[in-house]
Amino acid sequence: MMTMLRRPLFWLILLLAGIFAWLPVRGNNVALREDLILVAVAIILTSNLNLMIGYTGYVNFGHIVFYGLGGYLGLYLATVRGWHLVISALVAGVLVSLVALLFGLGILRLRGAYFALATIGVLVAVQAFVANFEPWGRSTGMYVSFDSYAPLGGPRHALWTTYFLVIGVMALSLLLSLAIKSSKFGLGLFAIREDEDAAIVLGVNATVYKAIIYSVSAFLPAVAGALMFFKNGMIDPSIAFEYMLSLEGIVMLMLGGSGTVAGAALGAGLYERLRSYLLTSPRLSEFHLVIAGGLLLLVIRLAPGGLIGWLYRLIPHSREVVE
Amino acid sequence: MTGLLEVRGISKRFGGLQAVSDVSFTLNEGEILGLIGPNGAGKTSLFNLVNGVYKSDKGSIMFAGKDITGLSPDRVVRLGLARTHQIVRPLQGMTVLENVIVGACFGRENQSMHDAHATALEVLEKVGLAKRAYSPARALTLASKKRLEVARALAAKPKLLLLDEVLAGLNPTEIAQMIDIIHSIRDSGISVFMIEHVMQAIMNLSDRILVLNLGRKIAEAPPAEVVHNTDVVEAYLGFPDIVDKLRGMA
Amino acid sequence: MKRATLISFLLCTCLAVSCLAQQTITIGFTVSRTGALNVDSLEQYRGFELWRDTVNASGGIKAGGKGYKVQFASYDDESNTKRVQQLYTRMILEDKADFLFSPYSSSLTATAAIVTEQYEKIMLTTGAAEEKTYKLGNQHLFQMFAPASQYLTAALDALKAKDPKATVAFVYEDASFSVAVVTPAKTYAQQLGFNVVFTEAYAPNTTDFSALIDKVISSKATVLLGGGHYADGSTLARQLTGHKVPLKMITLLVAPDSPQWSELGDAAYGVIVPSQWEPQSTFKAEYGPSGADFGNAYTAKYNAPPSYESAGGYASGLILQRAIEQAGGIDTAKVTQALNATDITTFYGRTRFSTQPNEHGLQVGHTIFLAQWQKDKSSKLVKQVVWPLAGKSADLLYPIH
Amino acid sequence: MSGILASMIDGLLIGSVYGLAAMGLSLIWGVMDVINLTHGSMIALGMFGMYLLFAAIAGNPYVLLIPVIAAGLLLGILVYWLSVNWVVGRSQLMSLLSTFAVNMMVIGIGTAIWSTSPYNVDFSLSGITVGAYTFTGNHIAAAISALLIALLLEAFLYHTRAGKAIRAVADNRDAAELMGISSTRVLMVAFAIGIALAAASGALVSTLFPFTILSGAGYQLKSFVVTVLAGLGKPFGALVAGVLLGLLEGAVSPFIAVSWIPLIEFGLFVIVLIFFPRGIFGKATA
């Protein structure tokens, strides 16, 4: 922990979270808050996805399944069971992590493209299950009733509370990435990414490491899902398990720089802002996918290290600050 | 007295191919045991069985008094049995130092990152790679990559080191340096089990030599005896130059 | 110097006066220009648009001695609830929308309602019949559509009159709206003594109904009720025809109301749709245009007859306009009061909102029609009102073949 | 005729179209180790290709398949140079991402042109009625077309020089290069054929169901399931597995709500991947 305090990025993450929390409060700018919360969620999803893709070298096409399941569990606990939002979100996070651990022990026996395909299978299968699951409202999903906001001081207050909580989860996601990166555990993951068989021969218990990181990468997205769908007031299977969003997470990661803490945040922030801009721009709204796809193609072809990789080449010493 | 590594009746079959067939041997503490045999004799398969990459069909493996049959490679290395690969497998995207730190962290002593750093620098010094510590592993020459393989395995603080053709592809100077390294490893108290095609080197280095042919053990004896073993000479008949070398050495 | 000051003073005054006389109000809403709901959503949008153009052409909404030009702030929500929430927030906070209309569909509206209620903004909902949203404690939400539970009761009443021994199958989209329609309808059918032989919900976006159709045939149902929105409903009708299912009555939600329905040819014939409004309806409008005037203006502008989504869109504008006039301005509290007191018949029919605290804003004045696609003398497909009997333009065709 | 038999015949007919789509995916996988994530958008383009041709010429859709396939081959060559050529032999992450990027672009352009509204190819052949059940002419014709195309592909792969070269490269790329086969050209041709198969299956689907530019995604997922059932890289196995998947859908649907079928299919998909990575026809080896 003491070593964390000496790292510039640790303080930069706290600063970022502070700015996120402060900007919309100043002048009670709710529109900005709504923009920033989407950026924060993109950062949460991308930095946790980075733990699988960037750190461990396993492409997860179905990462959004954790977000959606977290949303369902959180909403169910908070509205049907009437638990406090924070407790609901944490319990949802723990339960989803356990589910991920179970899935992980199965599908992590697969390597490379086979694993990637299996993650798509898991996403579709879970979505199909939830769409038929009666207690969660099948395809129509669940709605939050207005009295669920009462414990948080009414709906208007509840929105601010969820915002600060999401910013907290964002900061935790980045700190988690940073902590893992500098740990022995992270070193083991990197070894698996570079050459799994060699890593095993060097003593890395790859089976356990992969299952743990798969489960860990599920936790904060699930918490964020619980918070976000509570804030949105409803959830249904098509928005909870949006395949496209899962794939866009990969674009964000590659754009920023896979395997780096700052890259995941940078890529997510830039891409989400670009996407929001394109969607509300009358002339470009239809082209956001074309632009995103073209961007991805250019990045992997010309700068496979993403923006951060490019920064490293430009300023080699930047490696010590942005990790 | 029991040996450090005792292999009893081990076998492995792949489809129609009997890769290793009922092989038994003992490796004593402090010993350098050589492993030779023609191509396809099953040498690397035997290594893979010993360190757990392959699960054996039959037989048992005892290491330092513990039954390690069927243990996965990562557990085997934590018990003190490390190895190198015939085809070098550095963790390409990481630096030389990081590669060795991985070895130290997940090796027998299960070191912390801090201790592993110190161990890694020490080991790199030993194999002569200290100057390249911060280079990316992919940038090394073949000879340096072989040293890196050895360094990584050494960083695990093993009791027994399996070396799979660490001399192959090196020029005479590099071979001489590597032989020095192997000597110093043994001098530091680590036993060595090595596969090698460079006959002169293995004959000089090994205390005893194990010879495999077609998955079977055909000889286990000190180098001087091995070269006179008719089975061994026969096994190498397809390779006249090696037979000559064997003869020449005797 | 003095002159310049005087001129600028005069200019300012002029501007101020004209501003006073001609203010604008901004109405925000999202349209599903893309995604699964685009057909119905676009028809609803045209209703909003026609109302705005009509009002602005006659000098805007006149209230409290001022004239208010209407302007829209609207975006594409991609038929996606996540965007709906972001965009409604944006319209309220950045575009400073004074009032809101709902997006199309019950599920998008439910999401938008959370935002509008949080900011205490009035939203008139149309294209959103499901009731649950009005039972969550909203104070500023007003429903223009007759609630979902009414949709199929008329069809079942009509069936009871024609064939009390019919066997009934419910095949419907698993979406907020159709679930809200079918769940009470199934109970009602059993109350009427019908034998409900098959009930199954299909996933939104289903295109291959073969398996479901085989099951309907196996169940020996003679009547099919269900559907959801345009895309799935039209496909279901086509495939029922392709598989030559011997049904005596087909009633589908929403889809057959669209003018596009006639393009289905044989598959369109005989299909019944519960409707919020039909061009043949003859309400005596106490306020706004007559049904014929609306229909003509709409057809002139869009080159297609209006659907009930379009009528609902236009009527939302009218009801809001009247409430602003009665309130004498755009103050939210006063307009809310005026809406609570609304009880008026327009070309669209009667509109009255519940003021009960447990269902505030629920539509309690409007009622449902049944329309059926029949052939006129020249064998052209036309939509006829067949229920209620008092307002019918043709007799119910039963069985279809 | 019983409901379950009728349902299985329906499944068999649609299953052959799934099989055709999966053949393309499987061929590309087998020859160049690339999981082609553009497959869904190529299927969708096949649908719109048929739609446009049918709207312009109003001919017989099964004749119009020929220009759709030809256009598919050209498109395949274009996509190959845009996104595949430079990732062959590199990490699978690269090829997944580069084909995925092109997929996004095609979907984006398609959305700009056609929006996401549904389209129909308004054509129907009279079907065959057995008892209460009717099998539509379009389904029967689609199944026959799919089988014919599969037979043509087989003839091409086994009886032409180019086909043999493709199989040689699939078997061992390095060895084939040593024998003087230009692997880049072979890969390009194989990829183009894979895309043409996708387009053909899309064109056939367009005569059965309404479609949007996004519809290809669902068929791509089905193709994954079929390809994995057959074992990746076995085109003809994929055709058989497609038919089996259709039969399975038909056999279970009378007993459970149709909306459960995706769960069964994708559950099966994950289980087969984990326990039979070489497919249900594959032999287990070490």
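Every chain is named by a letter (A, B, C and D) in the order it is written, and numbering of its residues begins at 1.
In this section, contacts are C-beta pairs under 8 Å (C-beta built on N, C-alpha and C of every residue); 3 or more make two chains touch, one makes a residue touch a chain.
Note that the coordinates shown come from a computational prediction; the quantities given were computed from them, not determined experimentally.
Peer 1: Using each chain's Cα centroid, which is most distant from the centroid of chain B?
Peer 2: It is C.
Peer 1: Which chain lies at the heart of the structure, taking centres as C-alpha averages?
Peer 2: Central chain: A.
Peer 1: For chain A versus chain B, what separation do you get between their C-alpha means, in angstrom?
Peer 2: 43
Peer 1: Report the inter-centroid distance (CA atoms only) between chain B and chain C in whole Å.
Peer 2: Whole-Å distance between the two chain centres: 78.
Peer 1: What whole-Å value do you get for the distance between chain A and chain D if each is reduced to the mean of its CA atoms?
Peer 2: Inter-chain centre distance comes to 32 Å.
Peer 1: At what distance in angstrom does the C-alpha mean of chain D lie from that of chain C?
Peer 2: 40
Peer 1: So which bits of chain C are touching at least two other chains?
Peer 2: 34, 174, 201, 203, in rising order.
Peer 1: Two-or-more-chain contact residues of chain A, please, as numbers and ranges.
Peer 2: Each of 131, 139, 286 in chain A touches at least two other chains.
Peer 1: Given the complex with chain A, which residues does chain C contribute to the contact?
Peer 2: Per the touch definition, chain C meets chain A at residues 34, 75-76, 78, 80-83, 85-87, 89-90, 93-94, 107, 110-111, 114, 117-119, 132-133, 136-138, 174-176, 179, 201, 203-204.
Peer 1: Show which residues of chain A lie in contact with chain C when the two form their complex.
Peer 2: Its residues touching chain C are 29-31, 34-35, 38, 131, 138-141, 143-147, 155-156, 159, 232-234, 236, 238-239, 276, 279-280, 285-286.
Peer 1: Please give the residue numbers of chain C that touch chain D in the complex, ascending.
Peer 2: 33-36, 38-39, 174, 200-203, 206-208, 210-212, 214-215, 217-218, 231, 234-235, 238, 242-244, 246
Peer 1: Which residues of chain A touch chain B once you look at their complex with the stated criterion?
Peer 2: By the definition above, chain A touches chain B via 182-184, 187-188, 190-191, 193-195, 197-207.
Peer 1: Mind listing the chain A positions that touch chain D in their complex?
Peer 2: Per the touch definition, chain A meets chain D at residues 53, 57, 59, 106-107, 109-110, 112-114, 116-118, 120-122, 124-125, 127-129, 131-132, 139, 243, 247, 250-251, 254, 286-294, 296-297, 300-301, 304.
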